[in-house]
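In what comes next, chain A is part of two complexes: it sits with chain B in the first one and with chain C in the second one.
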Partner chain A sequence: MREHIRYYRPQSVAEAVALLREHSGKSAIINGGTDVLIDVRSGKFTGDCLVDISRIQEIKGVREHDGAIIVGAGVTIEELATSRILQEKLPALALTGINFAGRQIRNVATIGGNVAHASPSGDTQTGLTVYDAVGLVASSEGERTIPVCEMFKGANKSALNDTDLLLHFIIRPCAAKYQHFEKIGRRKDLAISRASLAVLIDQDSDGTINFARVSLGACKPSTGRMPRTEDFLLGKNPRLSVFREAAKSMSAEMIAITGRRKSLAYKEPAIEGLLLRMLIPLL
Partner chain B sequence: MNDNDAQFIGKNALHPRVVEKALGAPIFAADLGDGNQLVLKARRAGVHHAEIVSIDTREAEAVPGVVRIFTSADIPGRNAVGIIGNNKDWPILAVGKVRSKADAVALVAAETEAAADAAVKAIRIEWKELPAVLDPEAALLPDAPKIHESGNLLYTRLIKKGDVEAGFAASCHILENEYETPMIEHCYIETEAGIGYFDEDGIMTIEVATQNTHYDQADICAVLDVPEEQLRVVQAVTGGGFGGKLDISVHGFIGLALLHLRRPVRYFYTREESFLASGKRHGMKLKLKTGVDRNGKLLAVQGRVLSDGGAYGSYGIAVVTRTGVHLTGPYECPNVDVEVREIYTNHPFCCAMRGFGTPQGALAHESQMDMHGQALGLDPIEIRLRNALVNGSEQATGQIIHASAGLTDCLKALRPYYDEAMSVWMKEKPGRPSRKRGVGVGAMWYGCGNTAAANPAAAHIEIDQNGQLTLYSGAADIGQGSTITLLQIAAEVLGVEPAKFKSVIADTKYTENAGASSASRQTYISGNATLQAATLMADALLERAGDQLQSPKEDLALAGGKVTLKSNPAVGLPLAQLAGSMHTLGLPMKFRGYFDPDTTPLDPKTGQGCPYGTYAFACQLVQLEVDVLTGEIDIHRVVAAHDVGRMINPANLVGQVCGGVAMGLGYGILEEFAPGVESLKDYHICTSTDVPEIVPILVETPEPTGPFGAKGIGEPSLIPTAPAAVNALEMAIGERIYALPATLERVMEACQKAGWFEKLEV
Partner chain C sequence: MVKMKISFILNGRPAEGEAVPAQTAVSFLRDSMDQRSVKEGCGIGECGACTIIVNGLAVTSCLMTAAQLDGATVETTEGLAKSGNLHPLQESFIQHNAIQCGYCTPGALMSAKALLAENPEPTRREIRKALAGNLCRCTGYQQIVDAVEDAAKAMRGKTDGEGCR
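Then we have the complex of A and B:
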């Protein structure tokens, strides 16, 4: 089956975009290959050509530009985890790379691939959405920006077209003092997230929470912020009882989206516990 | 011989093929052959339980590259295999009906992998689906669909001693609980694999990853209706077995294709096919009632166990027998009443897996032991010390354990680690407030060898006229290191370094039956056979040397490849010279050793008898942290004290202990063969990051009937780990988990029950 798949390795965005238009409906973009090659082997990929974007320099690297951080779609998860700029300016995003899959996968998998695959459990999505990241996408029609939170139509369903090439993410650093990400997996390495959570919290000098962002992953069809939980936290003073309430508020917000499912028996208390545990350092 | 004299026993020596393995050399079955072999692939049922209405292979036969498609009609002999007794209940290719999703219905032989895959898909099967029986309790209901003609109850093992009711009446603390353990997958690194060819003598040969070539040969000969001299089975270098390579897998298909096509063939399971078609560890439901007196001494053990055997018997009868025999735990108990039943269901067939039914029982008896200790204010080591089997103890089947009852020594070895963990580690503050610490102990005993059955091994040692020594043993080395262990035993007797020996292992053409590499039996049983062969060889060499040197035998010693005079070590004869003269004189050059442990059958109604020649003992300590808000477990350390009788190869033993602990942790907290599991992507075993520091402690209590005092280690290493982890979880959470594995879900549930979300303080 694999012998029927054509393989292209464009050197530039323009070349890639042209190839994607030419093979529209039958192609897949491949970079690290940690998702695509599994689909090829299992037969889930039914197209006839792969466009390998791993040699395109324009989509690589992390840089600062005009007060924003630009993270190339071709940045590997290992680069994400170890980038000095990200560790300093967007720590909750850098943390998503720390125990993402296993070492071999981190070395080749990319942030662009993680987002484009639209898995509800994609860890980088949690870190990107908490910062309200925006993606820059190129196609034969030109370039356009899309907020990351609008890139998912549902579980494993990307809102991007198959002629779109994700170039990079534009992320405004946040001044919040507390920026954190954690995930729960079945084991320490090579485990798909059962839940992931990113939080950005800032406080007044008297401790009152004046800024709160919470993004929840792996618990609903699409990763994204939890506005009711954020609203709940705003204006509150850190107390254990308040954080317990915030945790309950978040699980209610999740259940409002997902309805009551079997997996909730674990996920409901687990995300409550996860948020509570992540907020405890603010006490 | 005393310890200080040993030259090779108790010392490390390299496995014969370890360097090739470390370098990734192509030595496994999937690497063999010239690449021109036909590819074999089975069409599997995909339905739990169904009658086969018709099989249409026409479309599949038309696939370019397809050579032949076989169905059960092509099997000339007995289309049924199975290792235990006469329970041959498993067809190579289904006849009339299928009993599990994995049942093979047809076999494709094709020129290429792609053609084989395409043909497998093109076989049309018309089914009449039957109701599936997926629960062992439901399988026993009077109106349950019959999976086999004989009914769904395969076997019942009873162990009865004393009067349990009187025992409970005299008890001051009684506990009755239900436990549940899952089916799990072996996950050996190498999937089932083998090749078939005609050897240099034109004999049909199956070279296969296996734990028992001689069993394979016997069952496949019956299937093919050929005499044993027309089928050779050779063990390929085998990448792990854990019991899962004791059953017929690719062998039957390879034999069938060889017989009909007379062409070299190969069959390797993908990981997905291995998950689907290989045997699993038996899932069990255990009810255990135990009573202790006010000193914590066990007075009564009553157990009722249902074992889900899946669609075919495999080792099931032996597994439940072992569950029953070991269900008291490694403790004295005067009153025992145990019933273990092996049930057919439409699940994948269950087979031997590291521990043979003992790990399931250990969850129950070790949980009970901890709870009794807590009730009486005895720490987990103390209550186990009070109950431990010791030399002279009578166990549940009435056998007296005369020697090498090493549990007390293991518990004493663990004591300082336990005390330190409790007094120092438990007092430290974990990194975050939601993390709680726990320390747990688990103990076990394990009979080395097949249960209450003759299970002999033979071994041969040969010397050629140039003095080259060769060991012939049927004991399959599946990575555990049996070959080097046997060589060290021979080396010690003959005074020749292990590396100087040649070895011929597990090849029905050259080696005699040594039984399975299972039941932690080869060090003890093939070790004794090798010891005897080496001793006979040594006698012959010494006799010859005595004649040549004109010295009494008592003054002769074998060392450094020579026979020397004890009175004058400068005088010696090299083995090459002795062998040359033996050859010239026409003296025997090859010697056979044999050993069968002293056992008696168990009475069918009471289970009384002597099931094993010797027992291994162990206890382990698990230290862990639980995040009580999320259910995540972080194993901190495992200390594993194992009574090995006498160390033959310490590095090998440490390897077995560490591997067993890693696998035992998986059993304890991760692994479950649940519906929908297809491969390692959705079946979680421990990764290197999940395995903590392991402190192996090797305890020596020489077994008088063991070679140099040695006993088995392979399975014991896994058995105490999961119970110790569960006991540690109880300490951390304050609630007990009764079902394995202690997944995120189960741990979270226990944490909720304990009310941690509400009561956590910072």
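Then we have the complex of A and C:
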């Protein structure tokens, strides 16, 4: 059943981009394969060509450049979780790699694939959007940057064209003292997120919150920041009653996007509890 | 149909075979390279029965193409026993009855081997985490965790012995 699929293994970004242009509309990019090969197996992939970018060195590695952190699209989830640079400078992103699938998947699945596949439950997207990460994309037209929050058109619908190759993410570290990520799944491990949340909070010396970013994943068609919840937290002093209100504010903000879906009976208290749990250390 | 030559190191020895490039690594290893320890369970990367070690890392071979093995160093359960002696992990799995139907066992052994190579002294929690991607419906996992813990001890005590790596 896979005999008709042609296979290319470009060694450089230039070579990959040329192949994607040549096979536009019929190709899929494969790196770790943990999403693509499931689509090939199920028949959802209807093209006739795979472009394997797993050997392209240019898209690998995490490095610092000009005050920003550059995370290659080919960085695996395990590398994301264990990178010293990320643990230190972008902890909420590094944490997204800890409870991501099983070790065998983490060893090959990549951050670029997680974003390009645009799963509404992709954990790395929550970590990327909370830091306002920007993606660098190459195509035969040249290179361009796209904010990660604009890369999702909806569930499993990426804003990337089939001739685009995601090269890396550019992320400015944030000075906020509290940076955290947590997810809720059906099990402790090996579970797709029912909800994931990243928060960055900074406070004045008297405790007043002077910086707040909150990104919510797996609860709406596309992962991204929750501006109303962030605004609510700004200028507040940490108190349990305030945090309860912030949690209510976030579920209301989610409902404003999704409407009242069947899963709401679960998701509403779940995300409220999740935000509360993540803010309680600030008390 | 265009086949591709796959050259790789299989259990320490150079190996070569022909594959449909997009076929799964598990089907290539089983059908062309006679590695029958590699089992396909779910076929979608959830059960871990097809776990092999590629370039030192445990991976699910059902979510890998045969072409991705080209140039790689690959380990399967067939390569565990040396000169007729079982690997300490295999010995320990037998001693602890960490096996019933056996279908998941080669995958669990491979995950455990990759773990012990990077962390020779894992805690029980670390063992559970490393094997979370290997589902077993028979043992209830306790025996597997016990087996890996004991094998780690045995391997630490045998620093220069054969079959330790």
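Just so it is clear, the second predicted complex is superposed on the first by the 283 of 283 C-alpha atoms of A that agree within 3 Å, B and C clash if a C-alpha of one lies under 4 Å from a C-alpha of the other, contacts with A are read in each partner's own complex, and residues count from 1 in each chain.
Rule of thumb we're sticking to: contacts are C-beta pairs under 8 Å (C-beta built on N, C-alpha and C of every residue); 3 or more make two chains touch, one makes a residue touch a chain.
Because the structure is a prediction, the values reported are computed rather than measured.
Q: Applying the document's definition of touch, where does A:107 land relative to chain B and chain C: first, second, both, or neither?
A: It touches chain C, and chain B stays clear.
Q: According to the stated criteria, A:190 is in contact with first (chain B), second (chain C), both, or neither; which is it?
A: In the superposition, A:190 contacts both chain B and chain C.
Q: Quick check for you: in the superposed arrangement, does A:280 touch first (chain B), second (chain C), both or neither?
A: first
Q: Using the touch definition from the top, say if A:270 reaches chain B (first), chain C (second), both or neither.
A: A:270 sits against chain B, while chain C stays out of touch.
Q: For A:153 in the superposed arrangement: first (chain B), second (chain C), both or neither?
A: A:153 sits against neither chain B nor chain C.
Q: Scan A:244 for contacts with chain B and chain C and give back first, second, both or neither.
A: A:244 contacts chain B only, not chain C.
Q: Report for A:63: first if it touches chain B alone, second if chain C alone, otherwise both or neither.
A: After superposition on chain A, A:63 lies in contact with neither partner.
Q: Of the partners chain B and chain C, which touch A:5 in the superposed model: first, second, both, neither?
A: A:5 contacts chain C only, not chain B.
Q: With the two complexes superposed on chain A, say which partner A:52 touches: chain B (first), chain C (second), both, or neither.
A: Touch status of A:52: second partner only.
Q: For chain A, which residues belong to both interfaces, chain B and chain C?
A: On chain A, the residues that contact chain B in one structure and chain C in the other are 102, 189-190.
Q: Chain A touches which residues of chain B in the complex?
A: 114, 432-434, 627-632, 634, 670, 684, 686-690, 743-745, 748-749, 751-752, 757-758, 760-762
Q: Over in the complex, which chain A residues touch chain B? Could you list them?
A: Listed in rising order, the residues of chain A that touch chain B are 1, 102, 184, 186-191, 194, 240, 244, 247, 265-266, 269-270, 272-274, 276-277, 280, 283.
Q: Of all residues in chain C, which touch chain A in the complex?
A: Spelled out, the residues of chain C in touch with chain A are 1-2, 4, 20-24, 43-46, 48, 51, 57-60, 62-65, 67-68, 111, 114, 129-130, 132-134.
Q: If we count contacts the way the header does, which residues on chain A are in touch with chain C in the complex?
A: 2-7, 9, 30, 32-34, 37-38, 40-41, 50, 52, 54, 78, 101-105, 107-108, 189-190
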